[in-house]
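Take a look at the structure set out below.
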């Protein structure tokens, strides 16, 4: 069953069609990589799914639920989580406070007014272990390294326990070692969570990808296994036409 | 999220000791000055209320004096009715002068003390809820919140001045009876009244601290940093902002009621531009991040004003302006910022030492660090 | 008919005063994001400057304008270099600091000149008035209307047709890159702030015949000017002019139909609704991005 379905999703900014009748289906538990040259509409697609941008037309289904017209916080409650390109953690808060914000299964005021502690046990402990931040729980997020901030944001999404996680360049700015650690982290998460990952780093994509979707100029260009996509002449043409250098980094 | 909870409690305890013991001791537990001190406490309370919305949630309310003034008017209306019992129709004198025929319906319920006390909290809260929903559902932030709150306050102030028949107009409501609180006739120059004000202030701070230190307070701090991001975790940001805004309004309403008691009149200047910005100044001087610090800022600045304006007359205003510029430039987090920096430094030193000790232990026994368990 | 024309004229006249006070504020807020609550005190300084020049040296307001512009501009320059400059990364804090500056300026003026109101005579050649479509229009008010439009045009010219304006706009869009090209952002900001302050001074000098000059005259002016700037849209000169006209006319008409106070209350409420549903202002951002 599809965890996420995009149905002829379109958004126009003035005259520019950023996403053009995009159809996409992501299975439950799948890790889908979203590729494409600069300006192909990858990040915009994620923005549309999480509600940052409203589509001009088309539908977004989460499972069977139509979330096209829901505000951001209701989509989050329905099970959409978003990791932004630059790490957006709350810099003034400590690691554990960030995770507590992430643990939002009961986001109502009446509940949160009665919570005063963040015990490090159960899921919290598990997640801290997964991203290797057990020894940093009292550190303020602004004092973390760039890679640790990225992991903290991923950890917050894990605490949120969302059905579909949207990740925009999770390895941006990471060292080679950190990138490979992130790859193994994502492989661990596969199956429990449905993930859509926008990524430029092809080494990273090869490490994690099952199915790859390539976008160009807002539309779907090619979809399939990584080998099949790389062999697709349309994909080669799109990347060659683009002067960007990210195609086979 | 409980980092600093203990420190908060210590700060709160010290503050309580200061307000309950040190301040009355400074005037030998009696005398005329206790009344002024009670006034400082009421002003400190409204500064703390502002810090709750501004410092915690990042909502700069330039109309904080609105809810403060509403509280003051509500108390004054009750006391005025009590003072007017012997007058024709039980109507306040200014209504008689302007030929109002009967006591208007919205004055009627203020005969009741219980209604007055409830209204002093709930009407400000209600105003803030309506305004909060109106603004925050539209994702209004920053300077726009400041302008909207300011404009509404000025509009209400103008309305009160213009409707002299019902509100006493420019003169406000004067000639009040003393408050009779369930058989206790309140004398605002007595120690017992001072403790009533202090009790209200401490209760207000306790409510605020409870909110700030709960997970809701954590979410508010996150909203202050990045409201967009908080939405993507499923929190209804507008509702949280309204919560902080309304709680702040309730505390300000109580402060206003106390202020009207202390000064024995209510005036439209209570909800003016000057006092509103003064409240912001007090909170900034004390430290907007902490309600206790903001309350101290309000008490301290007003106490200094009481002392120094006798010495320097008008020049006090000049000094206040200079002090304020200096605080904004050099102490952006207020005096609390100094304390917090010192605290962070000590904490860092402490954790460093603990870590070193643990490492040594680890090397000695070559065994893993024991599970740290719960974080308090 | 006459009454109608008369109200329209009163509205335009109010709008011209609002516009004069607001342009300087709009420049400072629109370009630097500084919420300058001391702007009203700059206006007040201008008014006292005109009064001083007239009572001491018998200089007419119109002649005193360049002096007032330079002196108040200099005050603005000093304020920017000493205080505002340190606050560019904390825009909301500028509200607090400039309020403090306002308190200081107000008290200094009170120390020097006392609190009593002062009056300034309008220039002789602008005495009297005209009858336009049956309504009386005083020539001084007409003069202010044209002068405010002149200030608007001059500011537009400065921003969009001079080298300084180009530098300013490039600094606003990207400070770092501009500095790489040798533009001193500090200098540009300081001069812009000084220019805004100078305009406030001119506005203050010109309104002296219409209002009484007191140390506290700035406070109410700054609130109104602020509403004009926010409603007009940050950084948009056209927006500022349009919103000044709108608020001026609304004030005139509501005061005529209802009364002064109710009119003002309704305008404040109207502004609240406008900001809520159109926070970007009537004419959104053309300079700042």
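We call the chains A, B and C, going by the order they appear; numbering starts again at 1 in every chain.
What we mean here is this: contacts are C-beta pairs under 8 Å (C-beta built on N, C-alpha and C of every residue); 3 or more make two chains touch, one makes a residue touch a chain.
Because the structure is a prediction, the values reported are computed rather than measured.
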Fewest hops from chain A to chain C - one hop per pair of touching chains: 2
Chain whose average C-alpha position is farthest from chain A's own: C
Separation of chain A from chain C, taking each centre as the mean of its C-alpha atoms, in whole Å: 48
Centre-to-centre distance between chain C and chain B (centres being mean Cα positions), rounded to whole Å: 34
Inter-centroid spacing, chain B versus chain A (mean Cα positions, whole Å): 42
Interface hub residues of chain A, defined as touching at least two other chains: none
Chain B partner contacts - residues on chain A that touch it in the complex: 50-52, 71-74, 76-77, 81-82, 84, 88, 90-94, 96-97, 100-102, 104, 107-109, 111-121, 137-138, 156, 160
Of all residues in chain C, those that touch chain B in their complex: 35, 37, 83, 86-87, 90-93, 95-97, 99-104, 106-108, 110-111, 219, 223, 226-227, 230, 259, 261-262, 264-265, 268-269, 271-272, 275-277, 279
Chain A contact footprint on chain B (complex, rising order): 1-3, 5, 211, 213-216, 218-219, 221-222, 225-226, 228-237, 239-240, 243, 351, 372-376
Touch list for chain B against partner chain C, complex: 60, 62, 134-135, 138, 140, 142-144, 146-148, 150-152, 154-155, 158-159, 161-162, 273-274, 277, 280-281, 284, 314-315, 317-318, 320-322, 324-325, 328-329, 332
